[in-house]
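Next come two complexes built around chain A: one with chain B, the other with chain C.
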Partner chain A sequence: MSTILEVIDLETQFKTDDKFVKAVDKISFTLNRGETLGIVGESGSGKSVSVFSIMRLIPDPPGKITGGKIFYDSKDSGRVDLLSITEKQMLHYRGNEISMIFQEPMTSLNPVFRCGEQVVEAIELHQKVSHQEAKERTLNLFNEVKLPNPERIFQAYPHQLSGGQKQRVMIAMAMSCNPHILIADEPTTALDVTVQATILDLMRQLRDEIGMSIIFITHDLGVIGEIADKVAVMYKGKIVEQGTTLDIFSNPQHPYTKSLLACRPPLGIRLKKLPVISDFMNEDENGNMVEVNASVEQVVNSVIVSEKETQDRRNALMNNAPRLRVKNLKTYFPSTKNFFGKVLDWVRAVDDVSFDVYPGETLGLVGESGCGKTTLGRTILRLVDATDGEVIYKDKDIFSFKGDDLKEMRKNMQIIFQDPYSSLNPRLTIGSAILEPMKIHGIYSNDRERKDKVFELLEKVNMEPSHFNRYPHEFSGGQRQRICIARALAVNPEFIICDESVSALDVSVQAQVLNLLIKLREELHLTYIFISHDLSVVKFMSDRMVVMNQGVIEEMGPADEIYNNPQKEYTKKLIEAIPKGDIETISERAKRRAKLLEEV
Partner chain B sequence: MAEKELTSKPENTNESKEISTSVLMKRWKKFKTLKRGYYSFLVILFFYLLSFAFPLLINKDALIVHYEGEYYFPVFQFYDAKTFGQDRPGETNYRILKQEFSNQDGDNWVLMPLYPYSPNENLLEEIPGIPPHPPTMQNFAGTDDRGRDVFARLMYGFNISISFALVVTMFSYILGVVIGAILGFFGGKIDIFGQRLIEIWSTLPFLYVIIIISSLVQPNFILLTVILTLFGWIGITYYIRGEFYREKAREYVSAAVSMGAKNRTIILKHILPNSLVPIISFAPFAIVGNISSLVALDFLGFGLPPPTPSWGQLMDQGLQNINNWWLVTFPLIALFLTLLCIVFIGEAIREAFDPKVYSRLR
Partner chain C sequence: MISYFVRRFLLIVPTFLGITLITFIILQVVPGGPLEMELMKLRGMGAPGGEVGPTGTGTSGAINIPESALEEMKRFYGFDLPIHERYIRWLGNLLSFDLGRSYVYAEPVWDVITQRFPVSIYFGLIGFILSYAICVPLGVMKAVKNGSVFDFTSSVIVFAGYAMPGFAFGAIMLVLFGGGSFWDVFPLGGFRSDDFEYLSFSQQILDQLYHTVLPVAAYLTGSFATLTILTKNSVIENLSQDYVKTAFAKGISEKKVIFKHALRNSLIPIATGLGHFLSLVLAGSFLIEKVFNIDGMGLLGFNSIIQRDYPTVMGILVISSFLMLIGNIISDMLYAVIDPRIRFK
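Entry: the complex of A and B
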């Protein structure tokens, strides 16, 4: 096995206001021909910056590569240091020998050009072929990346494709010049778990057939286990642990690696709360790491819940009268209208859905994007108008509410949204954002009392009272999501809908927010509807689970039962798609890969 | 404990010691670092504030007259020529009075303003020859074809131009924001009909309306403000309507709705502050546009009534007396410098408000 890429002491800095921040701090790694390297770490750990540095795509200013060497072993021109060649020479490698796919398939294709033309352009840029040849090659590539009906996709505009299809087009584009290295920057993070599984499958296949090297970046160690041969774990700009995937999974050394392994919602067992980073490491006042001596098993075993406890809890919950009853709910959107605006056809986003939610319970709602789960949540809260059906909250029909009743309902039922970046008004301080709902509903007599309550809420969601006068842009995604939770709690609601509330977060942060939600549920006797596309998260959170597909309920029942004994094909598909990260699969795959790599 | 981990990151603890800044404060700070725009802003602001004190600085009336043991303040009160023993009808000419007093060698004295000429005063009595007179040490920029001091007219014209532009911009912004917000927030039928009405309104030919109105009544400051406002708000609604459409789909608005907030709160507190960026960056250019409009109207003779000191009217004179270079040059320089400064301000505001950092990807 020969080395294709060698990174030595790479250092990249960013200028913020007056100081320089090291985004990448002297990292070194090697990539062999045909090998797949996974780089894993939370957002802000410098994993993306390090590969952008390899491509020399660091925006300058404010960024600058300040040190190190990146040796690339090219088949034609031998060993070159990518950092010392001119920009013009770099053009030969970028996109041609080293190509890249990005996180956001929604924005990385140009919306005004047809998908096919964009791939043709990439081919013509680097290879001297006729337009017709380039077109043929594009269609072949579309076939290779298993796009259904390549001719149609060739003519389609990006907005006409689904997220998974767009990512396939991006992969086809990246593959178009037969690159030696493919850099994939969180290629599956924006996708549903099921689509992620198919994309990973495709990448594995292409890699084995073509024998290219891949650098795969993700925040999810589970995904790494599915695809990588070796892993580099990044934390605060440094690589804290490197090794083969099997080693990392079976015998993690660094506490951060351990916590990444432990914080994914487990599948076979039920936990009280998820292990988080602080179960494995802490920081002292000077920012130095203090290791907690614990293995993954120890931590996980300390929070495990027995089956009997689960059973008891469920029985206790079901003894009460349902708090929310959804009966034959339908929400349709017009899809085609005739000349006079009469609706000819409807999109049945929610089609005849019925279920009950008991007080104190968490009802999980799982399904792929577009299955209607978000619309269902919004319809219940009357953020979207229902077409037909009833939602009964404590024996009252929600759809009949007007004026004060509606206001009272808005107080009792709250929602936490998916995107922590857009769900806070950027012009309001954290304090006034949390204060506002109390003011609207006249909770407490004056602002001083309300302010005290805000402090209390901030502490409850593990933020500091000193954050009161700060603005949303100063916080990370996980912190913002906690602020949103505090805002929802400000009116003392009984019922909260969590609409993909953790889907935009890193796994390690996701664990913290999920634990917080569970803690609050116990303390404040809240009832949740928890919506997500990731069955593992829903299973961890909920007592009962509803599987939705194309607007209808596929399956409903206790969460563990559905996981252990799925009845419908669709549910099986959802379970199948979750990256398991179990050691047997990984070691088996490693053996097979070792053989393949030797042939290379 | 577990979740504390995030908040106790070192960069966050450092930050919490600093004073938290709102988005607007951040932009203002950024604006201050853009020297060209910031200094232009200070210069314009200084001169505009100063221009309200022009009656004390540029005036034919004396500040203080000491005459036979008594003090008079002609700037604030009218005295006819006889009061100070001047043998002429009507108003006192204080410049001549000052001359006389210094010749008399008595106890009487006159304190004149820094530049002792008024914009609407005819100097034929003191300066021999046929107007326009070329610049001299006394009259920096010469006189116009009626013997009025050009420098004084330019200075007073500055105040009028800027005031006019500010007032028009403010009113057209208010009108545009209100209408745009209503269209954007409520959408649907209101939006469709509102838009069509705006389209009809915007096809009215602005110049003809002005010409027709000014042929019926003599335009004055208020009437011109009203007319320009009525035609100036349309562009603003497009921006605001678009911004409202975009912002109302954001989740923080959904969050406010699910909190039970009223439409009024949502519009004023949540959406409006987030949709002002494009029109704030546009404001300096709107002001430039309105200054130019006034100049153009004055130039064509449909503007402010004579003898208001206006730049457009001076330019008109420059055109008619093209051989008298000072009548052409000085108004142009004044207009050029003013517009240049405001454009610099606009450029800096745009940069301060533009979230994009202009850097290259390689």
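Entry: the complex of A and C
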């Protein structure tokens, strides 16, 4: 097994406000031919900056590679230090011998060029072939990445494809010049769990066939378990632990690695709350790490909930009258209209859905993108008009509310959205963002009292009162989502719909936000509808679970029961897609890969 | 999408009727109409703003106008009919492509307007092409070198131009280059030299350009800022997009990334203004034409309003609003052509 890439003491800095921050701090690793290296860490840990440094794509200013060597073993020109060659020489390697795919398939393709032409461009750039040959190669590639109807995809513009299809086009583009190294920067993070499973499957297959090396970046150790041969764990710009995937999963050393392993919602068991980083490590006043000496098992076992406890809780909940009843709800959108605007055909986003939600309960709503779960949530809140059916909240028909009743309902029922970046007004300080709903609903007599309440809320969601006068862009995704939660809580609601509220967050941050939601549910006696595409998260959060597909309910029941004994094929597919990260599968895969790698 | 544009074209009719009806009523109802002006002239009081009046003044003493003559004049101007009938009659003539006769020039309005087309198209087109040819590359340069000395200085110049009215800039340039106390480089005004017809072809071109430089400069000073800054911001925004990252990762050179990938997307908001090139035939600015002594559309429009030359005012309005409405639709079409994501329904 020969080394193809050797990174030695790589250091990359970014200039912010006249001081330099080390985004990557002297990291070293090697990548062998045919091998897949996973780099895992949370947002801001420096994992993307390290691979952008390898590609020499760090924007300068403000960034600069300030030290280290990156030796690449090229087939034609032998061993070169990528950091000491000219930009023009670098163009030969970039996209040709080392190629890259990105996190956001939605925005990674140029919207004004046809998908096929974008792949053809890459081929023509690095290979001496005619346009016709390049086109044929592209169609073959589309076939290899299992795109349906390659001819149509070739002619399509990016916006006409789904997220998964776009990521396949990106993979085809990256594969187009038979690269020796493929760098994948969170290629599945923006996708549904089911689509993620198919993309991982495709990447594994292509890798085994072609024998290329992969650097796979993700925040999710579960995904690493699915694809990587070895792992580098990054934290604050440094690699804190390296090893084979099997070693990392079965015997993690660094507390940060342990917390990444423990913070994923577990599947076989039920937990009171998810383990988080602070269960494994803390910082003292000087910012040095203090390790809490605990193993993953110890921490997980300390929060486990027995089956009887789960049963008792559910029985207690169902003893009350339902707080919300949804009866035969339908929401249709016009899909085609004739010349005079008469609707000819409808999209049945929600089609005859009925269920009850009990006070204090969390009802999970799970399904793939486009299954109608978001529309359902919004219809319940009257953010979208229903076509037919009833929503009864505390024995009153929500659709009949007008004026003050409607205002009262808006106060009682809140929603937390998916994207914490766009759901906060960038020009409002977070203090005034939380204060605004109180003012609208006339809660408290003056701003002085309201401000005190904002301070209280900020503390409740684990933020500092001193954050009051700061703006959303100064916060991380997890912090922003906590601000959104505080804003939803400002009007003392009874009922909250969480619409994919943790889907945009890292798994380690996701765990913190989920724990917060559970804590608030108990403290404030809240009732949730929790919507997500990830069955593992929904199962962890909910008492009962509704599986939705194409606007209708596939099945409904206690969360653990549905997971342990799914009745429908669709539910099985959702469960199948979750990266399990169990030791047996990983060790079996490792054996198979070892054999393959010997041949390379 | 075709049905969308069919509907848009059909909507031209009511919009057009609305525009003309409102203008027609306002024009005819305000006091000081052509009849009053004529009477004042006849009574020897002199017409206000009569410096450009075609009829000679100089009749002395008050004249009593006989009732029959007054009726005759009313009929001439069409004031013997109620206003709705006047509008309908005007509209009927319009449908047979008859814009009426100008009161002032005593010629068909269509001829009065079209005589000035060449001047307007000439200056309009040159200004239009130059502003895009200069602003787009300048905007791209500024975006690529954002924050540099070049970016800063060009911004200062562009905004200074924006802040200065075109006619004032024109006047300053005439003082500097028009052969007064400073340099004698360019003529003081006019569209062409008087002996234009006797010049050889190459001399004609030179003569035309010689007369063009200063007015075009005056037309353009204010139009740089918007387009340049729009281009710059648009390019900067697009350079930070993910697909630009993809393009770099493919191994494309920086130049090609900017000009092939980023620029095409940046032009989307800019290209939508292109639909209005149709309105160029009516381009003109009264003040600049006045400064440079050019007989263009700006002067005609201004004078027709001052002299209450209703048919000419309405004629200009008809042509300009029609071209504007068509131009809007063309802009939308261009938008859909350039950006494949746009689908009108």
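FYI, the second predicted complex is superposed on the first by the 600 of 600 C-alpha atoms of A that agree within 3 Å, B and C clash if a C-alpha of one lies under 4 Å from a C-alpha of the other, contacts with A are read in each partner's own complex, and residues count from 1 in each chain.
Everything that follows uses one rule, which is that contacts are C-beta pairs under 8 Å (C-beta built on N, C-alpha and C of every residue); 3 or more make two chains touch, one makes a residue touch a chain.
Just so you know, these numbers come straight off a predicted model, no measurement behind them.
Steric overlap between chain B and chain C is present once the structures are superposed on chain A.
By the touch criterion defined above, A:544 lies against neither chain B nor chain C after alignment on the C-alpha atoms of chain A. By the document's definition of touching, of the two partners only chain C reaches A:109; chain B does not. Within the superposed three-chain model, A:125 lies in touch with chain C and out of touch with chain B [touch as defined at top].
Looking at the shared chain after the overlay, A:589 reaches neither chain B nor chain C. In the superposition on chain A, no contact is made by A:207 with either chain B or chain C. Within the superposed three-chain arrangement, the count of touched residues of chain A is higher for B, of the candidates chain B and chain C. Using the contact criterion defined above for the overlaid structures, shared-chain residue A:57 touches chain B and also reaches chain C. The superposed model shows chain C running into chain B at a single listed stretch; among 169-177, 205-213, 241-249 or 331-339 it is 169-177.
Residue overlap on chain A between its contacts with chain B in one complex and with chain C in the other: 57. Chain B contributes residues 1-10, 15-16, 20-24, 250-252, 254-262, 265, 269-270, 273-274, 357, 359-362 to its touches with chain A in the complex. Chain contact summary for the complex, chain A toward chain B: residues 56-57, 59-63, 87, 90, 276-279, 282-283, 287, 378, 381, 383, 406-407, 410-411, 413-415, 417-419, 422-429, 436-437, 440-441, 461-464, 466-467, 469-471, 473-474, 476, 478-479, 482, 484, 487, 491, 509, 512, 515-516. Those residues of chain C whose C-beta lies close enough to touch chain A in the complex are 3, 6-7, 241-243, 245-253, 261, 264-265, 268, 338-341, 345. Of all residues in chain A, only 55, 57, 91-96, 99-100, 102, 104, 107-113, 121-122, 125-126, 157, 159, 170, 173, 337, 339 touch chain C in the complex they form.
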